[in-house]
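Worksheet: one structure, shown below.
Note that the chains are named A, B, C, D, E, F, G and H in the order they appear, and that numbering of residues resets to 1 at the start of each chain.
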Amino acid sequence: KRNGYPEVIYGAGKTADQIIGIIGSLKRHAENILCTRVSPQKYAVIRVAEPTAHYDELAQCVTLMLKPVEQTKHYIAVVTAGTSDMAVAEEAAVTAEVYGNQVKRIYDVGVAGIHRLFEHLDEIREAQVVIVVAGMEGALASVVGGLIEKPLIAVPTSIGYGTNFGGLTALMTMLNSCASGITVVNVDNGFGAGYSASIINHLSETEDDK
Amino acid sequence: KRNGYPEVIYGAGKTADQIIGIIGSLKRHAENILCTRVSPQKYAVIRVAEPTAHYDELAQCVTLMLKPVEQTKHYIAVVTAGTSDMAVAEEAAVTAEVYGNQVKRIYDVGVAGIHRLFEHLDEIREAQVVIVVAGMEGALASVVGGLIEKPLIAVPTSIGYGTNFGGLTALMTMLNSCASGITVVNVDNGFGAGYSASIINHLSETEDDK
Amino acid sequence: KRNGYPEVIYGAGKTADQIIGIIGSLKRHAENILCTRVSPQKYAVIRVAEPTAHYDELAQCVTLMLKPVEQTKHYIAVVTAGTSDMAVAEEAAVTAEVYGNQVKRIYDVGVAGIHRLFEHLDEIREAQVVIVVAGMEGALASVVGGLIEKPLIAVPTSIGYGTNFGGLTALMTMLNSCASGITVVNVDNGFGAGYSASIINHLSETEDDK
Amino acid sequence: KRNGYPEVIYGAGKTADQIIGIIGSLKRHAENILCTRVSPQKYAVIRVAEPTAHYDELAQCVTLMLKPVEQTKHYIAVVTAGTSDMAVAEEAAVTAEVYGNQVKRIYDVGVAGIHRLFEHLDEIREAQVVIVVAGMEGALASVVGGLIEKPLIAVPTSIGYGTNFGGLTALMTMLNSCASGITVVNVDNGFGAGYSASIINHLSETEDDK
Amino acid sequence: KRNGYPEVIYGAGKTADQIIGIIGSLKRHAENILCTRVSPQKYAVIRVAEPTAHYDELAQCVTLMLKPVEQTKHYIAVVTAGTSDMAVAEEAAVTAEVYGNQVKRIYDVGVAGIHRLFEHLDEIREAQVVIVVAGMEGALASVVGGLIEKPLIAVPTSIGYGTNFGGLTALMTMLNSCASGITVVNVDNGFGAGYSASIINHLSETEDDK
Amino acid sequence: KRNGYPEVIYGAGKTADQIIGIIGSLKRHAENILCTRVSPQKYAVIRVAEPTAHYDELAQCVTLMLKPVEQTKHYIAVVTAGTSDMAVAEEAAVTAEVYGNQVKRIYDVGVAGIHRLFEHLDEIREAQVVIVVAGMEGALASVVGGLIEKPLIAVPTSIGYGTNFGGLTALMTMLNSCASGITVVNVDNGFGAGYSASIINHLSETEDDK
Amino acid sequence: KRNGYPEVIYGAGKTADQIIGIIGSLKRHAENILCTRVSPQKYAVIRVAEPTAHYDELAQCVTLMLKPVEQTKHYIAVVTAGTSDMAVAEEAAVTAEVYGNQVKRIYDVGVAGIHRLFEHLDEIREAQVVIVVAGMEGALASVVGGLIEKPLIAVPTSIGYGTNFGGLTALMTMLNSCASGITVVNVDNGFGAGYSASIINHLSETEDDK
Amino acid sequence: KRNGYPEVIYGAGKTADQIIGIIGSLKRHAENILCTRVSPQKYAVIRVAEPTAHYDELAQCVTLMLKPVEQTKHYIAVVTAGTSDMAVAEEAAVTAEVYGNQVKRIYDVGVAGIHRLFEHLDEIREAQVVIVVAGMEGALASVVGGLIEKPLIAVPTSIGYGTNFGGLTALMTMLNSCASGITVVNVDNGFGAGYSASIINHLSETEDDK
């Protein structure tokens, strides 16, 4: 892997033992490792076998960084509507970080109290890529999209109840946004947003190297 | 009908001749009349029989006001996201007007250019009731709802394409709004919003009379 | 907060410890507090830290009223179809009460035994705002809406089975009602209905004060 | 066919010529004939070949009764919510009549003006079977179902707009009704309701014969 | 209640204590009682308070028959596609029985082994009303409907997986059946089918009495 | 193309001129040609350019067979529920034929008159592959599937109304069938069924050659 | 059963005791037995009664083969996109094997790393029938379908999250595939795919026997 | 507008006269103009008023470029699955071009004939951003996504029939892709994809300028 980019394990469908096995074989190739969707219960088993692995409980991510990763000059902003969206946001942020990106977290700036968003607007505008994470009706993506001219990746979350339909409402909001420059990933797909943001952020970094 | 409130005819499922018949019999009781969902084609027939009836082409409403209606002191604000939402907004505005309400129209202030909304914020805040009409992703309802403390009736419109699903996306956005104080009517139901806003607006008018 | 209106915490996505923390900091500003969606299990933890907080098990609400709230002269009627709808109705009623509204509860008057509704019709008609809470097919909203001329906020509940789809059927019934003057909130959103009803009820109260 | 019961042709997917052909061959067996879903355009062609065939434009039914059908002593009540539901109601009524049933039509008694329903309640209660035809939110089925103790067949119609979804809302309302004794047929399936009501009505007729 | 027809309690949303309370007060009026959707756990509590109540574990019904109910001369056939549909079928059968109907159970005759259905065809044809209970794709209703000329009430069950969608597939199959004379109730609504079948069966019984 | 198998053009999204162009260039390679989804209007244009092309109006297929195709010894049975399903069935049959398969058409044997199916059962059982084409509720696939032990390809059609949802009901019925040995293609995809049936039929033909 | 084909028990809706009972009575007729959807918990009970029964934990299948089954000359390829799809794939493979088919398993060759698929392409192409098992977006079926000319049975799995909707996305992908020769079974229906593949594979085997 | 970026008009909901009016007033500010979703009928009217405007019939776009736009060094690849997806692809390509991006079109390389994709793989890999446009099952996005390490914007199209549901199937496929680095826009939203791709492409261009 160029630049120490990690191998990624999707932990959701795997037992702790399966994850330990995969980590073990990747370590033999001296790869950096990101394992997403690891519950605290699974981590309790993994840590016995891999005591140096780092665990981020909110993001539900295990990381094992054996090689240094070159850092980007530009940063990715990760913005959330509410505090309940933080778990998905952290999956995105941790993913971006293990790929060497600088990340700024700007949380709990949803449209119900829109003044908070405006307080952070400059910070959001100066990012190279913006990830907006929102559940409920997901309107924050449209509002931020109307205020910036950078790539915006919208992540609907499954936070909500009733006709929220497990995040479908926020997803549809984001796909139908009247603001331009918004692309969308699957419900709760923090990893996908962090990974895509990283690829975009590296485009210009690479240019600078030349 | 107390205060000259009009009888309402839902024109969508009726022929021009059926509408002419109903208007004729209501006129005999000297009722004011509002007929919604009248296409220009139907109106062309109706105007022959009822040359004094007024037709509003954008709202698709025929009105025939034979008796004066008492005017409210407070006004209802009708706010739209885009210009395409104006037809539904006018159905709401015309409805509110024939029930004696003052109406302020504040159109095309959607979140893709949110500064336009802020220019009109005081006018919106001073209304007694606010109707927000929006298609696409319908995010405007949440943004306005977070900025005011008056009753807000949200009307999703069927404007959009792809996964908009004929207004379902805007409807779901509005029902799941993280802002409080928002209630919702059916897709494109300008009449329902105007009627409910009128009932609310008259609550305080009546009080003042005492 | 004007008039001692409470700060609201949405308890569903928060741990008991997080709620205790928020209550603590709000108390320092001497705010009244309403915390919705608090399970008995969470309350058991909260009561240790906040023994003076009141808990309403049916409404699943914790309240902590440190300042008096001015009472309205008009009342809000909260009407339910069945006994299973009472939990949502109580969330609405408790919300309305902590905002200073008088509330009349009229429960279990669904259309399967419609004579019970007619026995309470005068009480419903004299309310300033009516909240109708119904699951199953939600037909009660249409029936009440056809009998009154006051603002009616309909709350679909997730009570039912089979093709009820977690309240979607009652929601669709209410949005498509052939009676006028009905607006709708999300499935099980008692808080939203109580809050919107309170704003409407206060419109005329404020007038009277002048 | 016992008792002169007609052969039924479903006209929707057939050309006028195909229908003429089928009628011709059925006539050779001296069968009574009911052909549903015949548009005025198709009938204009059919009448040239079959000038004695009767056409009911509202019901969109062609009938050709060559043999007498024994009449029932009890009647079927066909009840509609609105005038737009009449086409479906007539399909049901005409179907019931060609099978020899007495039919009483009680139209436009929807819940938005529920007093009209109560005026006809005795007539509905005395029917042997009741067919309730309703679009929009379909609440009329629940209200009638709560007031009678006879078999009630509910027919949702595709009348409505927005989230009505072509009759799905009324269908779901009827399936989830909190009143007992209601069974349901497909959206706009007047024929199915009329046919099932006829079978039920004949059960007791047959008994009397013995 | 005429003829000793039972009062019905819907047990699903109620605690054992609430059910005991309702049974107690109904007993004071010497009513017969049917309580549906009672889990074995709830019954274990109820039996302590009401040791003479009968419990049918498959049907999940508690019955307490204090007065005799007149028996019908005709019977209702309850037909199932598979053994997994038996719980819903028993709810229908027990309901029909407590209303005094004779019931014949014809189980496990689904279309995958259609010869078994034909073995029981005479028994099904001689019933006054037929209830068909089927999950999966629900095709049995169409097949039986094509073979008989009696009222058929179809009950979709939630048995299945994948795109079965909790019974929606069977429901849609039954509503769209190409056989005539079929009406439908909600998914898993054995009670509703048993109740409606009973009303129909009593129509002819009553005639005979006169 | 081995054995003279035709090149296939999907005509639905193409203009007559585009189709003429593709036919022209394929003819230069002396390929046999099957063009599906060709409306009579398009064919009227194509026939001018390609007067030797054969058009099947019911199947909506244009064929141009320049080379002989070897015939299979076994046949494919194409079975339909109603006459309205014939257009889709013919697309399947014509497709199978241009690939060299013998085809037996067994039409209008739906479950509403199941005796007709049994009259043709031997013919169906002796086929090497069976295609069942059905709209409405699609139950015929289950019934045939329970009676044969050959591969059965089920084709749902969009014939129906109300909750048929453009063929979705028949599709779901077929996917959830309780009979084994059934696989399914997209709604109205006669081509896909005919093509898959042909591949299967040729498996054994090839064997015999060895 | 010809050739020792097993009797199949669908274990999902049955208790361990019911399964033991059915196995017992089938053994008396010396039938081979396949019981699908048996959880390890149920097997723990069954093994006490039937210690010679074989259990495959990944496939969740119990088999009891008392008679030899003739082996096919051709093999069925079972191909999966990811490791999480293996449980469904094994249900298909075990089913095919108990019906006497040779099976080749080619697992974890999804489109995210498409080179792995190409490494196994010859093995897939030489199979008589190919089963493709895939969750997430299910694209593997289209890719394999475009590369082979044998019957392909696609099995969507419920692996995924967010808008995967329990396998619906993969199912729709497979039904709408632009590659020809693909037929589809229900979500997670490994048994159905294995059974249909077996019928197809035996068509040519049978030919050889003659 | 920095760099001569055009003002964009969404032509779908506007009359030709409204579009002419907007173009007129933008021209006064010497803005470049892109007007999307303009049918040939509308363009016939617009060209009279604006004879120098350019019309692209496939893309349905009107452009009026009064000022030069700086060209990018890197290119955007626009890739389609089939020829029917070209209209949406051209909307994306034209949008990208009027924003100054170089564009390479690589059309008709869908997975049914995957060798064509591999022929163009180098060209796709060397793009700075890749737009994949696909209808039917949309599998091409996953396949390309697995082969490149650049940002990929997937555009589902409404091409298909049956259970395609107007592009929903392709959308869901793309959102659930097992390949990383894919973000998605609304069905048929070529403009949105072209615009987002342009923002991303300009990120690195801007860097180079420094």
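As a working rule, a residue touches a chain if its C-beta (ideal position, glycine included) is under 8 Å from a C-beta of that chain, and two chains touch if they have at least 3 such contacts.
Note that the structure is predicted; figures quoted are calculated from it, not measured.
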Mutual neighbours - chains that touch chain E and chain H alike: F, G
Inter-chain centre distance, chain D versus chain G - centres from mean C-alpha coordinates, in Å: 48
Euclidean distance of C-alpha centroids - chain A vs chain G, Å: 37
Numbers and ranges of chain F residues touching at least 2 other chains: 82, 162-164, 168, 171, 175-176, 180, 186
All pairs of touching chains, each written as two labels joined by a dash: A-B, A-C, A-G, A-H, B-C, B-D, B-H, C-D, C-E, D-E, D-F, E-F, E-G, F-G, F-H, G-H
Chain C-facing residues of chain A, complex: 83-84, 159, 161-164
Contacting residues of chain F [partner chain H, same complex]: 12-14, 156, 158, 166-168, 171, 186-189
Touching residues on chain C, where the partner in the complex is chain B: 8, 128, 149-151, 153, 171, 175-176, 180-186, 191-193, 195-196, 199-200, 203-204, 206-208
Partner chain H, residues of chain G touching it in the complex: 81-82, 110-114, 136-139, 142-143, 145-147, 160, 162-165, 168-170, 172-180
